Amino acid sequence: MIQKFFNWLKQPLGLIASGIVFLALVSAVVYGIWRTQQAPEQPIQFPHKTHVNFGIQCLYCHPGAARGPAAGIPSQAKCWACHNQIVKTRDSALLAPLKDAVLSGKSLEWVPVAIVPDFVHFNHRPHIAAGKNCEECHGDMTKVTVAQNPQDMTMGWCLNCHIKNAGDDQEKLVKLTDCGTCHY
Amino acid sequence: MSEQVSRRDFLKLAGLGAATTAILTGCGPASRYVKREPYQQMPEYNLVGQSTYYATTCRECAAGCGLVVRTYQGRAIKTEGNAHHPLNLGKTCARGQATLHGLYNPDRVQGPSTGSWDAGIQAVADAFKKYKPSEIAFLMGMTPDHLYDLVSDLAQSTGMNAPLRYGALGMFESRATLSKAAENVFGQAGLPWFDVGKAQIVFSFGANFLETWLSPLAYTRGFAGLREKETKLRGTFVQFESRMSATGAKADKWIPIRPGTEGLVALAIGRLVSEIRSGAALPAFANVDPAQVADEAGIKLATLEELASMFVNSNVLAIPGGAALGQTNGLEIAEAVLTLNALSNNFGKPGGVYLSALAPNQEGTSRPASPIEMYDLVEKMKSGAIKALFVHGVNPIFELPKTLGFEAALANVELYSFATFPDETAAKAKYLLPDHHSLESWGYQRVATGVALPVLSGSQPVVSPYYDTRATADVLIAAAQAAGGKFASALPYKDEVDFIQNKVASLVGDASGSFSASDTATFMARFQQYGGWFRNVESLIVPDASKALYNPVKTTKPSFAGNGEFFFVPFVSPTLAEAGANKPWLQELPDPTTTVMWNTWVEINPDMAKELGLANDDRVRITSEAGSVEAFVYLYPAIRPDTVAMPFGQGHTAYGRYAENRGANPADLFGAYYNDAGDLAFAGMKVKIEKISHAVKNGGLSRMESLMGVYGEGLGGEEH
Amino acid sequence: MIRPDEVKMSVEETGKWGMTINQDVCTGCQACVAACAMENNISFVGEEDSGYGRSMHWIRIERFWEGEYPDVRMTPQQPMMCQQCGHATCEPVCPAFATVHSQAEQLNLQVYNRCVGTRYCANNCPYQVRAFNWRDYQRPEPLSNQLNPDVTVRRMGVMEKCTFCIQRIHRAQDTAKSEGREVMDGEFTTACAQACPADAIVFGRVDKPETLVAQITNNGRGTKHLAELGTLPHVTYFKEG
Amino acid sequence: MTETKQKEVDLLALFSDVAPAADAVEQLRLVGVRDDEINVLSGVPVTGAMLGREPHPTNVPKIAMGGAILGFLTGAFLTFVTPYWYPYPIRVSTQAYVPAPPTVIVLFEITMLGMLLSTFVGVFMDSFFPNYRPMKYVPEISDGKIAVFVECESGDQNKIIDLLKKLGAESVKPAEAQHL
Amino acid sequence: MADKKPHDEHSHEEEMRKKHLMLDPLPRGKMNEMVMEAMLEKPTWKFWVVFLVLSFIVAYCLFYKWYVLITKGQGEAGVMRPDYWGIFLVNTVFWIGISHAGTFISAILRVFKAEFRRPFTRIAELMTTFGLVQAGFSVLMHMGRTWLFYWLIPYPNQRMLWPNLHSPLTWDLLAITTYLLSSTMYLFLPLIPDVAMARDRSTGWRKKFYRVLALGFRGTEGEWRHLHNAMNIFAFAIIPVMFSVHTIVSWDFAAATRPGWSSTIYGPYFIVGALHSGMGAAAVVLAVVQGTMKNMKYFVRGEHFDAIGKLMLIISMSWAYFYFNDYIVQWYGGDKWTRIMLHFHEAGPLGWMWFTMLIVNIAIPWAVLWNAKWRSNPWIISVVGIGINVGMWFERYLIVPVSVAINRMPFTWRLYQPGIEVPMGIGTLALFILLYMMASKLIPFIPVWEVQEGQLAHEFKKFGRETVVSVSELE
């Protein structure tokens, strides 16, 4: 049986079939890898550019960034507080999920895109305090609708910036490159 | 043929395709991202990404320590001590730390057994109406809290039985005995408070004050004070007990005396001291003969003389407690020890004996029910005098000795349980109406002892209820309203918070406290912020013991039930206590003396064990006249050969996955014998030990310690 | 390429953060153990594994017996946790640099994500204070709600140990920096020291002579455990009296 | 090498012992066959000395030496460079970034690895391994026979065959390249 | 002997020929045929039964159990505090020890031109490679996160995270890699002429297989010269590598701060121990090959067991010396913990292991191997060899999990109880045997050209009335 199968594989048809199978496997793997790199689906296609272009500061909705580790996602009440007053948006179909969520008391399930693994303890506050602007890491929000992660947030990316910022200050360099600064 | 092969091939390919699809689904963004749900309404005092700390009160035992709970995004993360709370000054014990394992325990009761809360409330209201008030009884936890006040009010104005407070911890602490002894010696009932911290020498007669006794944190702090005073020499600590407790382990001198002879020893020391001081025995001590006492207690006379000489020139604080009071002569022992203090004349002085202060809104002393009062309750249940029993905050099937027959008596009553956890009693309830966990609840609680200031400790929810539970106070108020009539008028409150505000109203505007507020709203806000209200006036009661030395103290001999060859000394597990067994990390804490985790053991003196042919981890049956339990043998070097000891805390048949069917409950061995104050003579049993089976490899006790390193077991004996 | 200045030996000897433990007042109550477990997301392992020496305690309380009944006594309880040695024996043996010396905090770091689980560090620790994740210890829902977000939840196959609550150090430093000041003595402490009912554990900066912990450390009565090995431990023990 | 190559033939003479083979080599040389036109194949190592020929040049020791130096340099890179190549200082215990004793170990191991690897590679390079092209060979060689290959002009072919036969060759025939 | 005539030259020579392979030459073609026959012999049903059983053991005990270990964690094994290292590392040390015999036989004996080595160098070298494979597996099994093993390899990654060169484990990795690579190459080089021989004598897939392996080897002067040169370099260079490997393995222990482990003599002690178990294993393998494979009675004779027996005796004596040396220094050192540990070895629950070790490692070899007749007997010497391997495994068991039970923290002392390591260890043993079985069917076990080379070099020579063997150097 197996012998026959192998014989069949040696025929032109078999060769084509095995070629197809091989290609299918390779493309499945490629597709799989590509899939892992895709942006997640968000409950609302939140237009960052619209909000930023209205002049709303990042810290208005993400105030945690100035105070501590997490920037945070604004509460739905905060969203609705404004949108409820704007007639155009109050009944907009685009905002229906928000309206539903607010009225039903359910939560929207946002998916943060700028993430680090759980063994990395990132803290926004010192970065803001050091004069970093949000867009340096998160990209220019005046241009995007749904937030994308413009950086490959790897350890190298963190460290290069840390080293650059430390400059010749040995003490600062030691602090900023200490394993225990982020991993504990 | 080739067609067949290709079909087979196709099938294989199809299978491969399915597998690929499955793999690819896992490759989606979900594999890298997590979903995050924002708050509906951000609480104004919450900040994104910042922890919020709430002050509340620990409910793991009745002491009433202040906690500060760290919460993060609506989850309780960590309990820490409330540094402003005068009782614990920012410290916590292991059980306080593990509270969160109760809050987030996977086995909690998730909702009322009636399905809806309306039905549950209706059921309670029906019970109020269905039965005569005298047929309704409330059994509650030991804590003197707002719910107790609420139920007391309800009972008082409707004629129901006065609520009983009970807990196994109270039974092992023999609170009734201490109170009665105080009454007999000082003429004033109350919970004695021993100022260990400022004492020079402490003689503890069985008191396990570093474990779970009355107010563990306050006494531990006192002990630290005894040991590291800057202004004086390191205090000395002598412990008299038959089995070395975790407290005794810290003693400079540990004196193993026969159970029940603590009072005699105290009196003998008193006699020796008074003879040295004045040449003659004072009347209080005249009844004893030191030589005979030494013989009876199983120690040398020289030891007594040495202790007396230690006593003569200094102030000694003598503390009665623990298994010493759990004897048929427990009251006499307590009186003898309290009287010994009179020799130091330390009543009401730093380093001496006081009676505990009354809490701010407390009218008189009240103590938890003694076992004999519980016995009365059980008898009433049996006789049908009580038809509806409401249980909250206590697990009587587990915490009462089996011999009282509580479980059987339940057949005669309708049981309404407010348990948050599916314990043994809750399993028997007709209606299970779960209360919130203590970290989800409002409330206040009076601190019964442990602090010089009167303290009303406040509780508030630190997280919103995780399950469909409801505050018992709310349930009772709603039920009373539904029942109408005198019930409604007894509890004329909107809800629990309304009741609490009403109760603390007397403190609003009181300027003697840790804060003062002119209106209820401000008072409540501060009350929650600081975790309670503390009167800034030291209010310990100074007992009058002027006559103590001149009244002869009775020297009753203890009587032991049963014909076993061993005295049986049960003690409360310092890490688990009566309700910690459901918390996995408490189970995994090593016992301070034996370092055993997750199980029950019986401590036997190694020499005696050798005589009996017992080795570590052998399985034995311990039999008293009341019953028998099985446990693993632990060869304990610091126990009298005529005594065996067992910890209380395990042996649950319900109570969640971590507690169920684990270890044994020594309370099953207790007989129904009481001392003169009505406390159970839990240490008044004699037991037999028989071996069931040999130790099995890996089947014995989980110990933190190494048998090889600590006991030299298996090392091959002495080195060559 | 960076050429960091070689750190002088004296720094390792004093250390930066230190701890003192008064064994005379330690009652062995296990509050520190529980507090540590709650703060640091330590797994419980169940009866069988804990009895077989696989418990994950970062701090354990040791005690021995002296003498024979009736003159038997328990030796002073000895809480034993990572001593944050200046000359740590665990560090050089890790092939993956998963346990390294923090230059900034002078602590022994355990970088969980770098650990491959050779267990050489634990084997080489004379204090035997490292805990290994022998299995994937699960916390049944909703117990995981209690996890501290400041501390990594370790997974199967990695080593872990006491960190001197480095997350608290970082939080305190961050707060102090945001307020433009230095961290004050007693502003924060480790979970164990915070819980200890007898105040037997004191934690702080040992390199600043004015702090409480430095004063206790330098009073001359303390001993360092196994100091003869030259490990330069940063925990000082005070026996009786 | 001015002759046209088409005329050249390869003769293969099989001998059962070294001595006649050595004689054959000598005689061939006398009749004007150059040393590089003679090739001796054998089933056991037959050295040049046995055949009275110059020993075959080998580069293996040189390559090994080169490999050792390369290995040493790799080791030196690992020990002296990488500790400073981290983007951040990693310190373990109180040990120096480049402690001497471990350095010796690493240098030794990697030097040896480099040397042995390159020795192996040297054999491949010198012997043109692997080589799966058709080659002139007869299986009898591995049976212990000694084969002498002679390149000669077709005109000399018979003369040389005679010569070889006279010297004790078991068989002499034109060699053909074949798949081994 | 007395009645034998010393002048009976013919019978004397006959006897010598019977005894010594080198004096008993056969035509090369005949030897080739014998070796090929041994290899191509149709496997008996017994072979298949053993093969299938071993395959099943490898599949179940090694790979399936490994899967369990990886998915469920090291808790499946018996390791815990303080025995963080268990049987996996015992096996690692054991297999590395076994692997030492191959190099010892083929490199050291080659360097010193010990002629008896010729027929069994390949069999011994295979032991090196196959043993190291098991050692590598055992190390990987030991790791808590096996799938990240590549973090220990120095390669320029994105973060320039190089392994920690301070760690003995990194040295180990470098040394074992070096050793595995070089011993494999050293196995392969002398194999080339033999596979070329097999290529010339086989058909079908084997022909293709050997053709690829033979790399186009024909046997030109140049090829022989390069091969010889390379083998000489290898023979000399691999000896220090071999010593370094087991020394570094011993440093995993000796560089640690464990009582009893910090011993300066551990390096040489481990090397001798490795040779001890390795020679034992070599004797066993040789006996099995001689007993089971066709035509092997010609190639492997009593003289070989005799030689190995002598080596075993010498090594056993050296091992005893080192063991006692280590023991007495530690004992006199007086360190409290070390003394408790030493006492624990003898009088603890595993005291039987300690005594067995001494008996099978010292007493039995000394009692048996002094007798030339006994040590020439394959049965006797394999029993002794198996005993030595059991003893040496016990020795490593005592050094690793039993010694670490005792440390400076008596509160944590605990004795190790093996779990999943036992089946997995059996799995590595099965894989080792399986690899040998497969190799016996795939590659010529006897380096025929080396044997022939040796036979050519040997001849009888007369000194007065005595006929002696004379060996000429052919290089």
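Letters are used for the chains, namely A, B, C, D and E, taken in the order the chains are written, and counting of residues starts over at 1 for each.
The definition used in the following text is that a contact is a pair of C-beta atoms (placed from the backbone, for glycine too) under 8 Å apart; a residue touches a chain by one contact, two chains touch by 3 or more.
Since this is a predicted model, take the numbers as computed values, not measurements.
K.L.:
Can you tell me the least number of steps between chain C and chain D, where a step is a move to a chain it touches?
P.N.:
Tracing touching chains, the least step count from chain C to chain D comes to 1.
K.L.:
So if I look at the partners of chain B and the partners of chain E, which chains show up in both lists?
P.N.:
A, C
K.L.:
Taking each chain's centre as the mean of its C-alpha atoms, which one ends up farthest from the centre of chain B?
P.N.:
Between chain B and every other chain, the largest centroid distance is to D.
K.L.:
Could you pull out the chain whose C-alpha mean position is farthest off from that of chain A?
P.N.:
Using the mean of the C-alpha atoms as each chain's centre, the farthest one from chain A is D.
K.L.:
Quick check: more C-beta contact pairs in A-D or A-C?
P.N.:
A-C is joined by more C-beta pairs in contact.
K.L.:
Hey, which chain is the most central one here, using CA centres?
P.N.:
Taking the mean of C-alpha atoms per chain, the most central one is C.
K.L.:
Rounded to a whole Å, what is the gap between the Cα centroids of chain A and chain E?
P.N.:
Those two chain centres are 55 Å apart.
K.L.:
Between chain C and chain E, what distance separates the C-alpha centroids? Give it in angstrom.
P.N.:
45
K.L.:
I'd like to verify one number: the distance from the centre of chain B to the centre of chain C, where each centre is the average of its C-alpha atoms, in whole angstrom.
P.N.:
Roughly 30 Å, centre to centre.
K.L.:
Could you tell me which residues belong to chain C and also touch two or more other chains?
P.N.:
2, 4, 52, 55, 60, 62-64, 89, 92, 94, 97, 100, 103, 114, 149
K.L.:
Two or more other chains in contact with one residue: find those residues in chain A.
P.N.:
Expected reply: 68-69, 156, 159, 163, 173-174, 178-179.
K.L.:
What residues in chain E touch two or more of the other chains?
P.N.:
Those would be 159, 161, 164, 166, 170, 409-412, 414, 417.
K.L.:
Pairs of chains that touch, anyone?
P.N.:
Every touching chain pair, ordered by label, is A-B, A-C, A-D, A-E, B-C, B-E, C-D, C-E, D-E.
K.L.:
Can you tell me which positions in chain B touch chain E when the two form their complex?
P.N.:
Residues 697-698, 704-706, 708-710, 714-717, 719-720.
K.L.:
Where on chain E does chain B make contact in their complex?
P.N.:
On the chain E side, the touching residues are 339-340, 343-344, 346-349, 351, 405-406, 409-415, 417.
K.L.:
Which residues of chain A touch chain B in their complex?
P.N.:
Within the complex, chain A touches chain B at residues 1, 4-5, 8, 11, 17, 21, 25, 28, 31-33, 35-36, 38-41, 62-64, 67-78, 102, 105, 107-113, 115, 124.
K.L.:
Touching chain A in the complex: which residues of chain D?
P.N.:
Within the complex, chain D touches chain A at residues 87-90.
K.L.:
State the interface residues of chain B toward chain C in the complex, per the touch definition above.
P.N.:
Residues in contact with chain C: 72, 75-81, 88, 90-98, 100-101, 103-106, 210-211, 216-217, 220-221, 223-224, 227-228, 234, 244, 246-247, 249-251, 254-256, 299, 466, 574-575, 584-590, 592-593, 595, 597-599, 605-607, 637-641, 657, 662, 698, 700-705, 710-711.
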